């Protein structure tokens, strides 16, 4: 087994790792109690999985074909930049549209800041 | 795989048909959307699946997969996009003017 | 309720640039790799839509004061125009020509009317896409 | 290489786009659109002459020889229809100038009409089945835009139904194309014809052709016409007229092409089915026409009857019947356009849609009344107006092939047509006038001009049937002998 | 040339009428119009000697030669009779109308229609080409319609016009079908050529159907039983029109057609029985019903029906001679035809006069109701003379021409009994018996006309106007006609030789000598024969019945009103309308889902039906490519996503699930090596999803479908069947691989079109036209969306167009 | 060997997608669905990358980037929809 093949295998294993992470994150999405925790599972772990996967693919193409794919690098960078922002926006939106927290969550520190103490206020605009 | 795809297409068509037969404008539109997906898949399938390589010259030396259906689907996708966009806006306008999206409440005799 | 969009706007400014570049790339890559006028136009259009999403119609309109209907019309004209062009050269309708031209600074370049055709396609796609989205959004 | 063939489609498109830029100068829009249609008509006449001298013409786009590229094929059948469509549109435009109103005109009315015609002409001329689909879509989207133009409550409702049914039909078309490509692996109509002939039309190919039958039947309003009465009565009058004249005809054209050129070898199944469908269409159309109290309903069911009648010819399939179908198609386009324009004007003048509520129009508008009388006679097939010769030839074909049931239905339908239209004439035009001289709205001069032009066409086509007989015969000959068409496409030494 | 000119002249004149009308307001338009028939009559009459010598005049003008439709004018003995009638009676009627119609009426319309009619009628009788004959035939229907509806503000006029138009045009359409059959059988539209190729036509299977269809046309036009119902209603027309169209000319077009086609069809048993049977039945029915009428014009209408039946039956009887062939002992049967032609002329003379008489009475007194009339003899002696002579002639009394033809009619019915063909030996007796009974009724109604109008007591208070004699102008025409009535009685053989004999030659072209076919007409044969006995009987019983009229008249009430033919006609039309609206409204209920159900059911029925019938379904998975496990999961994902759409409660879920479907499709595109598709699908799907969100932001939650389970199950069944059909056809299609795809050609894309991406070169070059149009489609959609949003109906501006 | 691993990874990704689909269907809130859809998109990115390796082609690398862009735009659109009920504003609120 040459070095190249070894690296290719490593790349494949990296991909497999990404896949496993992805499945775990998916289970997280099922099991976790509320939207905020689920968002955590989705954005954090899924980002990890996709990054490792793309990295694996990048390495594979580099080693196997000697092809440095700008597009893959760009993709990695792009996902890296956007995924947190996207996660942030969705969570914020969820919160502002008053999706309830899970039962047994700790103190909601943001609530008085954002909505004041008026529980009866339902009008968002 | 081909047979499986065709069965999938059949299932999608059946679901689309059921939606199209319903009374809500929204569901009917959804039905047409699914129908278009199904037809695109069918078009791809009849060209033969996995029978060759990506139809881009210079990336492989195998035979290419049938490129013509792909071109046709591409055209069809664009057209279905155009049609769906128009349809959506029409449905939206109709909802705003008529106040309902239920065909059974819309009635429909032209000379009522 | 006041909404603070600083994070979004910052990121989007960067992302739009990437998307626009990528769109142009797809547009030009079309002949030899996946891409082409249509998909390029869609991506470019998406970038514009992204701007509308992040900012608002008035702000974006100040930066890009186009009537997108006319952009689309221009695109169709360009696409059909290249097709019509062949009529003047006694070639079958839609015949595309290409050739090598020496352009002062860039040196010898391969230019094809297909690019014009594709540009027409791309323009139409951008124009239509934005027209549709804006029309619905402006409706009250 | 005959670039002229593409002009009937491309010129309206380009003009339409130009008109978008000229949005605010309505006058200019009117003039340009009218000139365009007249130009297309002239081009078609030139084409007809060329076909006479040089046989079937074809234009391979970008120079890719069939069956690989797309091509336009101009045979007499197609060009005759293009010619008629252009003339009808030009005259309808004249009507529109004085009636449609600046509100619509500023909203791209003329571009939409031109694009509609472009789609129609493209559908007639194309020699590639997938391109036919695309041309259909051009036509349909323009028709969608036109049917919804105005945004009235009922209009939007019926428009939505129309759009939905047509979209489902379009996807079925695509389904049929998928099956077609799956079996014959080609898209060029002539090539399809050749391949089908090569293996003889096996049952599976017949099955594929039946999918096309359903699709085109939906578009043509053959038996599956449910969408037609509602949607044809909501848009502005001129749009109704254009729809009645053009839209179903494209479906009919496609049916003719499919079952004379591509799948003609299993007539026991396909043509019998078409015959049954046409017969049922006529019956249903007659019942609808009898049942209507609303002038527009009566008119739309007359469209249905017309469709059934023309397709009788396809079911019969002899050369005479085909010639009759061509004549009748041309006649039907002109006469139906005029009928709808007149009906729409009646509604405009009286403010009523129910037959019984109008009366004595002929006292206020004598010429208008007589024009209605002429178009009524033409639709009934009373000689020497335009409907006559087509009816005779189709009937002749029916007798030759012994299709007496079809003959009885077809000829019987003209009595019902007469009855339904006569009812309007007697109730609405004759009788005591219900409009006093003071309340009388004038008929716009442009509208009158367009009526007169249509009436002139009707009389001209009837009396001067010989004038186009040579083209019609050529069209019918090609329809009956698809090998002529196939040879011109695939075996020509160009 | 002259013949064609005769046809053209009325049309040209009709076209000129509006100008003349505007130019000469002071002069009654009729004077100008009168010139036309008068000139034509003279012109045609100048041909009589040559026609009598057996000459015929044929000339062909090309109209649509491609389809064998040419205007061939043909003047022979038969057409001569009719064209003389048309122009002759026409002149008299126009002359009469000048005094009948005041200048306040819209005369330009009236004379325009009348000229149109005259031209059309001349066209019918002078055309040799069946199609051209049909052209003019329908024109007569149309112009008759216009004339009947001349006073269209009257409801009865409109109804009568409609009935006449519907019935005659229906008959015309049937006749057209018959003509087409003749054409197919013979290969020509020319009547002369058909007669020349009789063997071919008679051998054809289409012979009898063609005959019946042509007869249908003739019967409807000639108001034969049971199509006679339109004629009484047509009397709503102005009286000159009734005199002209509905007694002298148009209704005789059917007779003409029968006479003209006798050489073709005559001699066949079906022809014999249909023509003579329907004729004799009409004769009876018309005369029987005439008696019960109170309106003089309606009475005359029924009498016309009856007389037309008489002529028709005579043609039928005469056709027996054609079956027998030419022999010295068969010539006697041709006398029926001779009598028919003779009576045709006689009828025009006396019936024309009678109609004019009724017109005068109506004009001067203001009513035509015999219950209000009476005692006018003293006040209107000239009119009375017309009535007496006309009625006596119609009743078949000497010394008027009706007597001669009636006698010949009786003779023909008696003669026919001697034949032993066509089962005449069993049923032959019908003819003389029915003819005799009908003649008695004829006598009775003739008596009614004269006695009730002119005798008895005058009832001035029941009349609209004080009665006085008509102006001289109105009397000229009827007097000319009664001169003929008497004149023909005195010199019948002049007519026989110059006019009837050539016509006989036209009807029996294969009989060598027309001289033999022309019997010597004489009022007195020197002995008392059967016919004369019959006439005596008619007179005796007629007087008896008239005397006892009051006693047996209530008998007519026995027939229930429900079963008259008029009622049946009304009921057919009424129930036709109501049934069709019920059926149409049931399935055209405006609900889109029903329309889709029809479409899908048809889809299943045709496709699945044919697939099972032709046994085309086949499935061979052996050539399939392998299925990877992850692909299977993807398929399941799609199925679940699609299935979940059915049960989703929120719109947004549905939209997102559709997005999932779209993404899955995109992934299939990836798996199946379609990069461009995958790219496009991804972007398009995202944008579509966004559009869904934009468009449906205002929509409420999905309401659960409020439909019964059975409907749901029906829909589910249809859906499953559609899906199954699509799948099964798809599988069969996949199994069909006789052809190589054409796309191998495109694989050389780089050399051909300079691109490496094959799909893109196809789109941008090989099939660039599709792409161009697709762009146009997109553009239209964009523009359409814009107009949809921007062009809104103004509030409260719901005009009728949108009802 | 490598192919087996890759196929297995694909399988796992598909399972992840299927699970996310469950979340899309079940909800319960709109953000849940949006997140799940985003996850599906991200998983598709990975899956496409793997497929490119399996098919030995670079043709799909554009799709990866596009999917990234789209899922970003989509998520922004969703969050705006959830938060403000509109997607494109005529005039900014601030």
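Letters A, B, C, D, E and F mark the chains as written, and numbering starts fresh at 1 in each.
In this text, contacts are C-beta pairs under 8 Å (C-beta built on N, C-alpha and C of every residue); 3 or more make two chains touch, one makes a residue touch a chain.
None of the values given here were measured: they were computed from a predicted structure.
Peer 1: So if I look at the partners of chain A and the partners of chain C, which chains show up in both lists?
Peer 2: Under the touch definition, chain A and chain C have F as mutual neighbours.
Peer 1: In contact with chain A and with chain D at once: which chains are those? Just list them.
Peer 2: Common neighbours, chain A/chain D: C.
Peer 1: Could you find the chain whose CA centre sits the greatest distance from that of chain B?
Peer 2: E
Peer 1: Taking the mean of each chain's Cα atoms, which chain ends up nearest the overall Cα mean?
Peer 2: Chain closest to the assembly's C-alpha mean: D.
Peer 1: State the chain with the largest centre-to-centre distance from chain F, centres being mean CA positions.
Peer 2: Using the mean of the C-alpha atoms as each chain's centre, the farthest one from chain F is E.
Peer 1: Look at the interfaces B-D and B-E and say which one is made up of more C-beta pairs in contact.
Peer 2: B-E
Peer 1: Please compute the C-alpha centroid of chain A, do the same for chain E, then give the distance between them in whole Å.
Peer 2: Centre separation, chain A to chain E: 80 Å.
Peer 1: Where the CA atoms of chain B average out and where those of chain F average out, how many Å apart are those spots?
Peer 2: Centre separation, chain B to chain F: 21 Å.
Peer 1: Just curious, how far off is chain F from chain D if you go by their C-alpha centres, in Å?
Peer 2: Whole-Å distance between the two chain centres: 47.
Peer 1: Nearest whole angstrom, what separates the Cα centre of chain B from the Cα centre of chain C?
Peer 2: 26
Peer 1: Pull out every residue in chain B that's touching 2 or more other chains.
Peer 2: Chain B, residues with two or more chain partners: 20, 28, 40, 42, 45-47, 53-54, 56, 58, 68, 74-75, 78-79, 82-83, 85-86, 89-93, 97, 108, 110-111.
Peer 1: Which chain C residues touch at least two other chains?
Peer 2: Residue numbers touching two or more other chains: 1, 8, 15, 18, 22, 26, 32-35, 38, 43, 46, 49, 69, 73, 76, 80, 83, 93-94, 96, 128, 132-133, 135-138.
Peer 1: Please output the residue numbers of chain D that touch at least 2 other chains, ranges allowed.
Peer 2: Counting only residues that touch two or more other chains, chain D contributes 13, 17, 20, 61-62, 130, 134, 137, 141, 144-145, 148, 151-154, 161, 164, 168, 175, 178-179, 181-182, 187, 229-230, 234, 292, 353.
Peer 1: Who touches whom among the chains?
Peer 2: Going through each pair of chains, those in contact are A-C, A-F, B-C, B-D, B-E, B-F, C-D, C-E, C-F, D-E, E-F.
Peer 1: Quick check: in the complex, which residue numbers of chain E touch chain C?
Peer 2: Interface residues on the chain E side: 675-676, 679-680, 683-684, 686-687, 690-691, 694-695, 753-757, 760-761, 763-765, 768-769, 771-772, 775-776, 778-779, 781-783, 785-786, 788-790.
Peer 1: With touch defined as at the start, can you tell me which chain C residues reach chain F in the complex?
Peer 2: It is residues 1-3, 8, 12, 15, 18-19, 22, 26, 29, 33-35, 43, 46, 49-50, 52-59, 133-134, 137-138 of chain C that touch chain F.
Peer 1: Enumerate the contact residues on chain F facing chain C in the complex.
Peer 2: 58-60, 62-63, 65-66, 69-70, 72-73, 76-77, 80, 83-84, 86-94
Peer 1: Using the touch definition up top, name the residues of chain C that touch chain E in the complex.
Peer 2: Its residues touching chain E are 26, 30-39, 42-43, 46, 49, 69, 72-73, 75-76, 79-80, 83, 93-94, 96, 98, 112, 114, 117-118, 120-121, 124-125, 127-129, 131-133, 135-139.
Peer 1: For a test of understanding, state which residues of chain F touch chain B in their complex under the given definition.
Peer 2: Interface residues on the chain F side: 55-59.
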